[in-house]
Structure formats: structure tokens, C-alpha cells
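Structure first, then comments.
Note that the chains are named A, B, C and D in the order they appear, and that numbering of residues resets to 1 at the start of each chain.
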Amino acid sequence: MREKTDHVLDRMVFFSDAVFAIAITLLVIEIHVPDLPHGASDAQYLAALHELIPSFAGYIISFAIVAAFWAVHHRAFALAERYHQRVLLLNMLLLGMVAFVPFASAFISHNMGDRVPSVFYCATLAVTAALNAGVVWIATGPQMASAKAAGADRWAVRSRSLGLLLGSATAVAVTFVAPLYGQFALVTTRIWQRLLASRKVAD
Amino acid sequence: MREKTDHVLDRMVFFSDAVFAIAITLLVIEIHVPDLPHGASDAQYLAALHELIPSFAGYIISFAIVAAFWAVHHRAFALAERYHQRVLLLNMLLLGMVAFVPFASAFISHNMGDRVPSVFYCATLAVTAALNAGVVWIATGPQMASAKAAGADRWAVRSRSLGLLLGSATAVAVTFVAPLYGQFALVTTRIWQRLLASRKVAD
Amino acid sequence: MREKTDHVLDRMVFFSDAVFAIAITLLVIEIHVPDLPHGASDAQYLAALHELIPSFAGYIISFAIVAAFWAVHHRAFALAERYHQRVLLLNMLLLGMVAFVPFASAFISHNMGDRVPSVFYCATLAVTAALNAGVVWIATGPQMASAKAAGADRWAVRSRSLGLLLGSATAVAVTFVAPLYGQFALVTTRIWQRLLASRKVAD
Amino acid sequence: MREKTDHVLDRMVFFSDAVFAIAITLLVIEIHVPDLPHGASDAQYLAALHELIPSFAGYIISFAIVAAFWAVHHRAFALAERYHQRVLLLNMLLLGMVAFVPFASAFISHNMGDRVPSVFYCATLAVTAALNAGVVWIATGPQMASAKAAGADRWAVRSRSLGLLLGSATAVAVTFVAPLYGQFALVTTRIWQRLLASRKVAD
């Protein structure tokens, strides 16, 4: 079976890509088209669009965060060259959370600013981020990564996955105090990623 | 046409992966976002989430079982190196059942504990498992498998597919007596798989 | 650009596979979960499932026909080795019809036996079949097919695509007279395919 | 990591294809099956279909425009042979807009002829076209394109992406004046593309 290992890895990566792509595209299904009588005035339409702003904001944030999860996953597996069965279960748990994000996103978008939906959404992302970091760790570790992958390259990917975890954990914390601002605290991800990336690593 | 055979096999595997990935990601669509007035209290939200527990449980179970079907399919085709047309029809029937799982899952989740939806759901899985085992048998058999695939490797995959079939058949049986526990009987899959895997096979 | 041609063909085939896979998996979304009070009797559930029989039949028929379209498309492109731009537009029109099938399928399933939905559904399939045959013709023709593809192999694929067209045209005709039986007339596809396949072709 | 670069590019292209394919197939979900009593007359069904004409027109137009975006993207990446990280963010923004098209399409289809939905739809396409042109520019530029790609080939792709941008910008302009005709102004895309394609380029 040795010679088919790459194929096994490729198919798992492909399956993951498909789930990420479907989940990210399903996010839009939760934005409901406003139901206005035909011939409604421009003002009525603009008011209807105005009411959808939380949904649009939720779409943008969720799309950005799922895209960020995918980008890190993508970079990690670019360093992997061998399949190891330890990654399969963890990756499936990750995909189960990724596929669940559209629900959490719809829940917060329809109830913007309320505590429970906000905590629920940020906690969903934090669990997803933890699983993502776990998968990234294995894929860039000795069991799967190419021996030619430099320590710096591996840390570049790992630090991004950690940044996503710290960013979403920050969002969970903020959301308890100020529900409306929780999901915007996800932008701290970039700060965490820069702090972590600056840490020196031995090659 | 000989030299394009691999391509034909790859495209069928790809199509199967896509259907598995879409079906598994559509499972979440059946969890409906609770409709609460804006500014509802934390207690109201928690009560609404509490009512969704059957849906969450259904999502987790269905995701896990479809993932298990996929994983066995994935392992079986990793051993296959030749396309054989016998597999095409059976694989299409399998995909038709896999794509149907989101309906059966929604049916049981919305009516947790009632007999008909529980039997319907478990029977759907049992039929899917039977078709999956059939596809696995052909893909790991002499018509498709690599001559280099060891008997032990082939049995490892086949025993998993049989375990899924016995596990879902157990769930059908349990569900007639105790509808609420039927889908949890799916965990017996792991026991069946271990029992079967321990059986010696000639290489 | 010559050396990238295969890549262009592969990507078009991949995109087509994805649209086929998504359309076939979306068919199930149109089967609505029956809404019964919790604790409804077995008899009530069975009655609810009984009412869904047209939806289940519609799902099976539509799944089978889309799978048949895919299988022919798959076989035709297995014979193709060169990309030719003539196929792109026709293939896109085909995909537009394939993606439309879930709507037509839901329309007939919710109104089983009525003339307009039945004709609409069968006509949708006939147009799809005509486009499919056009794509198959180009993919197996001199502009795209491998020179090594035998005439018999090419006719085997082409005759299947013609059979699908004649089968769905038969269904349109039957449906005007007997709406309920129109979609079942799709099974004549197999007869047409056998008749056509038996025709001799020069290699 | 050098030797894995192609793999990185392939996976990004694959992910993009999947999002395009899902978005284009989801367009049909927004056409709602007419809800008529069983046994309604042919005239009632035809009236119901007649009312759906804006939805059908919207489906055709949106399918055609997303297909055109995909085709240009596809041609641009056929010229690319190297991954460059500049393209990742822009491509993700593009995919976020592509995945949003089904919402905008449903909005205009349900409110055909009203100004706000028409402007909203055409503006969505214009932003998508601008991002698409940006991605095409990078993919066919010195950072990513094959050195063997002729200037004429690169301009052929770029001029198409510019044509889509000018066509959708024209649609935005027309739609302010005559909302009903805005989306039909998208056909000017072909005129813009021909005008641009005729421009000479140095190789």
C-alpha cells in the first residue's frame, strides 16, 4: 500500500476542501430575501436592506473566518507529504465544526447583540480553531511533514493557527461582557498572529 | 481506451467524494435557527437551545456515520487500481442513499423518540451500509484491487464495512423496542468492527 | 499554451462533475420533512410517509436520470484527450439545465399526475438530454477524441446519449396523454439504448 | 517548499472551482415551486409558471454571468504556472462575492423592475467583476504567468475580464434610469469584449 499513500492524503485534502467550500457558500442561504410588496418605494427597499445589515456583517465575518481556517489548513498540508492516520479523526471533527458554522452564523445574525447567540457563535469558532490547530500541528509535525520543510515554514503555519485560536478565545471573552462587540474582537487574530510569528524558532 | 482507465476510476471516486461532502455539509441545513424576539432574555435563549438538543445530537450522529461511510469508501478505493464497470451502478445506488441521509436525519431529529422516524432513519442507514459494503467488496476484490494489496489490508477494509452494516442492523432492531435508543445503538459498530477485524485471514 | 491544454480540459470536466454532484444532492432538499405533533401515533407517521411517496418516487427517478446523464458525460470525456473551445458553451448550457432539474423535480413531485408539471419536467429532461448529446458528440468527435478511440467505443457512448434523448422525448409524448405515467416512460431509455447500440458502426 | 508550489496553486484553483460550482447550482434554490391545490387546472398551472418568468429570467442571467466569470478565471489560471501569495486574498474576496450572487439574484428576481433591487444586483456583479479582473491581472502577470504565455494570449483573457467589468458597470448605469432593463444591459459585455479584444498588443 505504500505507493498509494499520497493518493490517500490527496483524497482527504480534497474532501476537506469540498466541505470548506460548501460550508462557506452555504453561509449566504441564511440571509433571507426581504419580502416586500411589488412596487414598494425606494425608501422601503432601503429600509429593508438596512435591517439586513447584521446579516451582511455576519456573512462577511463568517466568510472571512472560514476562509482563514481554510488558508491555514491549505498551507499546513502544502508542507505535508505523508498521510498519517492520526490526522483523519481530528480532521473529521474539524470538518464537522466547519459544516456547523452556517448554523451558528445564522443564529448570531438574526439576534445581533444578544448574549447567548454571541457566545454560542464565538465558542463555535473557538472549538473549530482548536481542532484546526490540532490538525495543523500533526500535518506540519514529524509524522506527516516533508523532511525538507524548514522549521521557520512550519512555525509560520502553526503560529497562524494559534493566532486564530487566541483570536476566537478573545472573542468569547469579550462577548460575555459586550455581546455586540464579540465577533468584531475576532480581528485581534491578526495581532496574535503577528506576535506569535515574531517568535524565533530553531530550524 | 486502456490507458484512460485510471482516469475513469479517478473521476468516479471524485464524483463520490463530492456527493459525500455535499450530503454531510447539508445535514446542518435541517437545524432551524430558533425564532426569538429581539432582546429575548438569556434564559429564553438557553431554553431555545435546549429544545434543539435532539437536532444537535442528530447532526453529530449523522455526521459521524456519513464520515465513517466515507472513510471506508476512501480506504477501499486506495486499494483499487483498476476501474470495473460492475462498481458503477452499485456506487450510484450508494450515492443515492448517502444523498438521502439528510432527509432521514431531519425526520428523526424533529421527532426524537418516536418509533416510525427512528426505524426509518436506522433502516436508511442499514440500506446505505449494505450498498457501501457491496461497493467495498468489489473495489477490494480481484476485479479492481491492486495485486500488491495484501489480504490483511483488504480484510481490514472489508471488516469495517461489515461492522457498519451490523451496527446499523443492530440499531434497526433496538429501535423497534426502544425508539429513543436506536440511533445510539449505532455505536455498536465499533464492537462489531473489532470482533471482525480480529478474525484471521489468509493472505 | 499547448502544454496546458490537458489542464484546461481537466478543469472543465471537474467543474462539470461538481455541478452534477451538487444538483443530484440538492434533489433531496425538495422533500419536506412531515410536520407532526410530538408523540404522534405510528399510524399518523405511516400516513405522512405515504403522502410523501410521490416525492420519494420523484427523487429516485430524478437521481437516476441525472446519474445517467453524468455517466454518459463521464464516458464521453474518458475518450477525449484534447480541449476544444466549441464544447465550452454547450457544456455550460448543459450544466445550466442540470442545475435546473431540482426545481422541475420538485414541481412534478408536489403535483404528481397533473399535466403541466409533468410536461414541464419531461421537457426539462429532454432539453437537458439534447444538450448532453451535443456535448457527447463533440467530446467523442475528431476535434477532441483520442485517435486511439475505436469507432465502436465512440458509438457506444453516443448511442447512450441518443437513447437518453429518445427516452425523454417519449416521456414528453406520453405525458401529454397520461400525465401520471410520463416520468415512468423514461425507462424506455434502456430500450432505445439497446436498439441503438445494436446498430453496426464502421471503425 | 519550492517543489510544492504547483500543488498550492492547484488547491487554490480547485477551491475556487468548487465555490463557483456551488454558487451557480444554488441559484435554482431561490426559484420557489408554485403552491397550487392538487388537481389545479392547466390554466392555473400556466398562470403560476407565467408568474415565475422573472425568476427564470433571473436564473438564466445569473447562471450566464457566473459562468462567464468562471470561464475567464479558468482561462487566466491556465496561463499561470506559479503561485504567488498576492492572489490569495483577492481571490478570497472574489469568492465571497461569487457566493453572494445567489442572494442578489433572488432579491432582483422577486422584485423585478424595482430600482433598489436592480441597482443592488448590478452593483454586486460590478464589484465581483472588478475583483475578478484583479485576480485575472495577477494570474496573467509576471508574478504568476508562464514565461511561454504570449502577450496576445494574456490580453485575450484580460480583455474578457475588463469586458465583464464594463458590461456590469453599464448595467449599473442603465438600472438607475430604467430598472427593468438594467440586467439585460449585461449583454453589452460582449460588445465591450470585442472592442477591447481588437486592441493590438505587443507580445
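To be clear about the criterion, a residue touches a chain if its C-beta (ideal position, glycine included) is under 8 Å from a C-beta of that chain, and two chains touch if they have at least 3 such contacts.
Only a predicted model underlies this, so the values are computations on that prediction, with no experimental measurement involved.
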item	value
Least step count from chain B to chain D, where 1 means the two chains touch	2
Interface sides of chain C and chain D: same vs different residues, half threshold	different
Turn needed to bring chain B onto chain C - CA fit, degrees, nearest 5	90
Separation of mean Cα positions, chain D and chain A [Å, integer]	25
Residues of chain D whose C-beta touches two or more other chains	14, 18, 22, 26, 29
Touch list for chain D against partner chain A, complex	1, 4, 7-8, 11-12, 14-15, 18-19, 22-23, 26, 29-30, 88, 92, 95-96, 99-100, 102-103, 106-107, 110-111, 114-117, 120
Residue numbers on chain B that touch chain A, as the complex places them	13-14, 17-18, 20-22, 24-29, 31, 33-36, 38-40, 42, 45-46, 49, 59-60, 63-64, 67, 70-71, 74-75, 77-79, 146, 148-150, 153
